[in-house]
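These are the structures in question, set out in turn.
Each of the next two complexes has subunit A plus one more chain, namely subunit B in the first and subunit C in the second.
After this line comes the complex of A and B, so read on.
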């Protein structure tokens, strides 16, 4: 019996999964399929989308960044302190935060590309460092009551649509354009697909790696702004754990763990798959910790599926 | 003349590199100990050193386990979560169901071995890098631990259970003794048995090992099971030390184990490592932690230092690997 070829459906698998989950949860809870709940799901996940897009740059380039969670923790604390403790103008505080995040990503990029440590270990180590610095700076304090202007980021609306949704939309559209229309995007895919080949093609692989981690750092910082503005409070424990959700969402959304593949719409669908599961499980009263387990299972399942697809492709290439 | 000297100088260099590689951890440890002896009068006391040894003993036992996995060319990031899960289950067995401590310990060891085996089987079946596998299973184990604990600290453990983590035999804390036994057994298995040689072989070159008749898949599962077993021992000792079942026990311990192993010269890519080096690595971290505590620095500094130390350790490991690769290429190309 020939193996079923599902690679053509690949693009839409995530969407099918998303729809299936929505149908499932609309049966388990009457509150799930209400406009209000669905709007909530979207609003609560704008910053996850931005982080996941950032992480996708790194993953498509064949790397990984486990430090985004503690990048958020550090950037959030510094931005909040700039506003609340030092009373800097909002634009300056946001600028500092964004620059800091970009800098943290840059550091990751330099470490990964020049010391050439396996990115998982390198970013695990930098995340411990970021965590330490974050707690040192915040002295484990919680900061709240941001200036009105900063809250506008998530409370302001244009044509009835919250700013942060528009922001996420802009990030998504820009990233899609970068991936599909620019040389940078194509080089990134080439780098992730086969680093040696990319190098021989004349792609400056070191510079590309620094660039993708820097982009990830910038977008992570942007997401941090949304996260702390939405919460109107922050401390050093805000952010950690995001890396796991973003990573899982990216893999569920078809961004290959081995690099070289990924599409932004599927990635967004991946974020919503996780969001819907979280929301649905909460409405069904299954508790927060059960979500740990489901997320772990989903991560393993998605990676396994990814690997299965690769094997299919490899076999087909051999067959030719 | 110059031509004659050159190879001598080159081999001297190479030997100096090997020397640095082999003894760098020991040199670092010695200089740290000397440094802190001068800085802090409280450091070089029997009491402090005993306390420090007991502190590191828990992570060391897990580190011996992760060493098997690392030498075989894999990695296990789920150790901390395994401990969270086994720790809570064992506490509940003893406190709520009044299971005999010996039985509870046996169950915990069995359960840890099982969790490790699951990691191994998944790595073999899914053929994904064990880093991602154990990141996933780690979340699952931790989630299970939280669910079982149900938001409570589990108290009311039998008094007789206290001795393992808190007791002494003569002047030596029991966890330190257990650590020594585990390290000796680990050393024996790695250096004196066929099994140990297979572990090195598959880490150095899996394909060559396979062709030489090593059952890579079975070995992968067994090394992960060993790692789970070792972490279960840590879990038993930690529960006895903390003396209440808490979900925070053991979290993040994989980071210490990994750093200690890398510091002590266990290669991240596999195929290399000695128990002696591992112990040195553990002690470096122990001394650093201890000195920072004595100096009254908050815990957060430790994270910064640990992360930096980990980066330096991996960086050094990679540097050595590349240097040796270059030398081999140079040697092969000059001698035809």
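After this line comes the complex of A and C, so read on.
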């Protein structure tokens, strides 16, 4: 019996879902399919895209980072305090924030690669630590009124395009190049696909793990800058929750929960699937709380689909 | 030190916790020969070979390559010395294609700093390797997840010999294959020998060893029993050595069962 190979179509699954959702929500609200609303969706999601790309490095390498939201909380208040409380120059405050985020990622990487525990548990633990430090440092204060220069990050435009959209675009393009054109990207796929085989081929698996968490930390910090600049305010509750959306978006976008697979364009589409659902439900008047339920169900569904795909592959192998 | 031997291992010891996996084992591999490594389950065959390939570190002992003393601290060291091992589970990446598997960890690059990969050269070279091995793999872009056991074995083999390899270790390569595929593989191993490789072949199938090996190395309980010239022994001799050992005081050989393997 001839078998139809539909695996090539899998790449586009998430795009079809996105289009289907857009058609659906265009019926539930007349405001959904307007240029203004669609532009808003893009603008509101630039930092989710940057975090999701960061998380993809960890996930493709076979790990997971649940602490990204709490890294954002800590990086956010430190950067804000540097500007608002200590009146440091904007460039220095941003530099401190980026270095801090990179450092937090590095710490995650060292913990995961040196103590052999599940990265799920390790980063759950560090997320609690990061959040505690964030509240200790901020004393639960809210910081606002950033310098004009810092607000330019999200209010400035180049050729009519908001600066943070360009930033997200640069991150997306760079990440795509890293995955498809560099030795690092190749080895990351190998590490995520079969860690023991990677080790036996002489790939420095520990160093790779530290690197992927560090990259994730840096990109998370970069996203934090966008997030707090856009809000023009910060407190320690800014950030947590992002990890759930980024993780779900990544899995919806075809980044395998088990590592070794993923593409950046599909990942971006995954972010927009969640964004469109949130926006569409809001416009249809279904409220915020129902969104939590839907997001949870989507995560479950996406993981189940991922597992189903893997089983298909495994069975095919056995069948031969 | 005689440089007739491409590999010499001396006094190799290895413990795993309370278990003494290898006790003072010596091994000499002649240049260009196929040596079968046989022994019962748990005799230490794979452990000994994994020490040579850098997957394990020996607790004691010395290794000489071409008469030079070497220190193998990891898979990279072994690879630099021209030693490749095809592991029993093949250590393939199911998420990658044939060429990506062959070049995993040592990608061909375009720039001096080794940052950017050269896909075109890798696919061309992979296609060449497949052709040289005369394997029925249609394209180096095929995903290994969908391949048969024999094809997967060939991909692992292509990867092992892709870079100046002089010593090839194979861990039970025919164990998971059907009769036709196994025979094909034995033919391939002979071809590899003709290409100048020295080969260490771990196997449970004694007839395979008798068919293609020059010598056979017998391990029992982590100790070397004997090295025999294949031309001078019979299946029974080998099986007796595996079961009874050098002293000949083990339990009687269950001959019939062993023969039925062939």
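Going forward, the second predicted complex is superposed on the first by the 314 of 320 C-alpha atoms of A that agree within 3 Å, B and C clash if a C-alpha of one lies under 4 Å from a C-alpha of the other, contacts with A are read in each partner's own complex, and residues count from 1 in each chain.
As a working rule, contacts are C-beta pairs under 8 Å (C-beta built on N, C-alpha and C of every residue); 3 or more make two chains touch, one makes a residue touch a chain.
The structure displayed is predicted, hence computed values, not measured ones.
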Exercise. Aligned on subunit A, subunit B and subunit C: do they clash or fit?
Worked result: clash
Exercise. Touching A:85 in the superposition: subunit B (first), subunit C (second), both, neither?
Worked result: neither
For this session: Pick one for A:170: touches subunit B only (first), subunit C only (second), both, or neither.
Result: neither
For this session: Mind telling me which of the two, subunit B or subunit C, contacts the most residues of subunit A?
Result: B
Problem set entry | Which of subunit B and subunit C A:295 touches, first, second, both or neither | first
Exercise. Is A:186 in contact with subunit B, with subunit C, with both, or with neither (first, second, both, neither)?
Worked result: second
For this session: Classify the contacts of A:261 with the two partner chains as first (subunit B alone), second (subunit C alone), both, or neither.
Result: second
Problem set entry | subunit B versus subunit C as contact partner of A:201, first or second or both or neither | second
Problem set entry | Interface residues, subunit A side, partner subunit B - complex | 111, 115-118, 120-122, 124-133, 135-136, 244, 257, 287, 289-293, 295-297, 299-300, 303-304, 307
Seminar exercise, completed: subunit C residues touching subunit A in their complex are 53-55, 74-76, 79, 85, 87, 91-96, 100, 103-107, 109, 114-117, 145-149
Problem set entry | subunit A residues within the subunit C interface of the complex | 181-184, 186-187, 189-190, 192-194, 196-203, 256, 260-261, 313, 316-317, 320
Seminar exercise, completed: subunit B residues touching subunit A in their complex are 122, 126-129, 131-133, 135-140, 142-144, 146-147, 255, 258, 268, 298-308, 310-311, 314-315, 318-319, 322
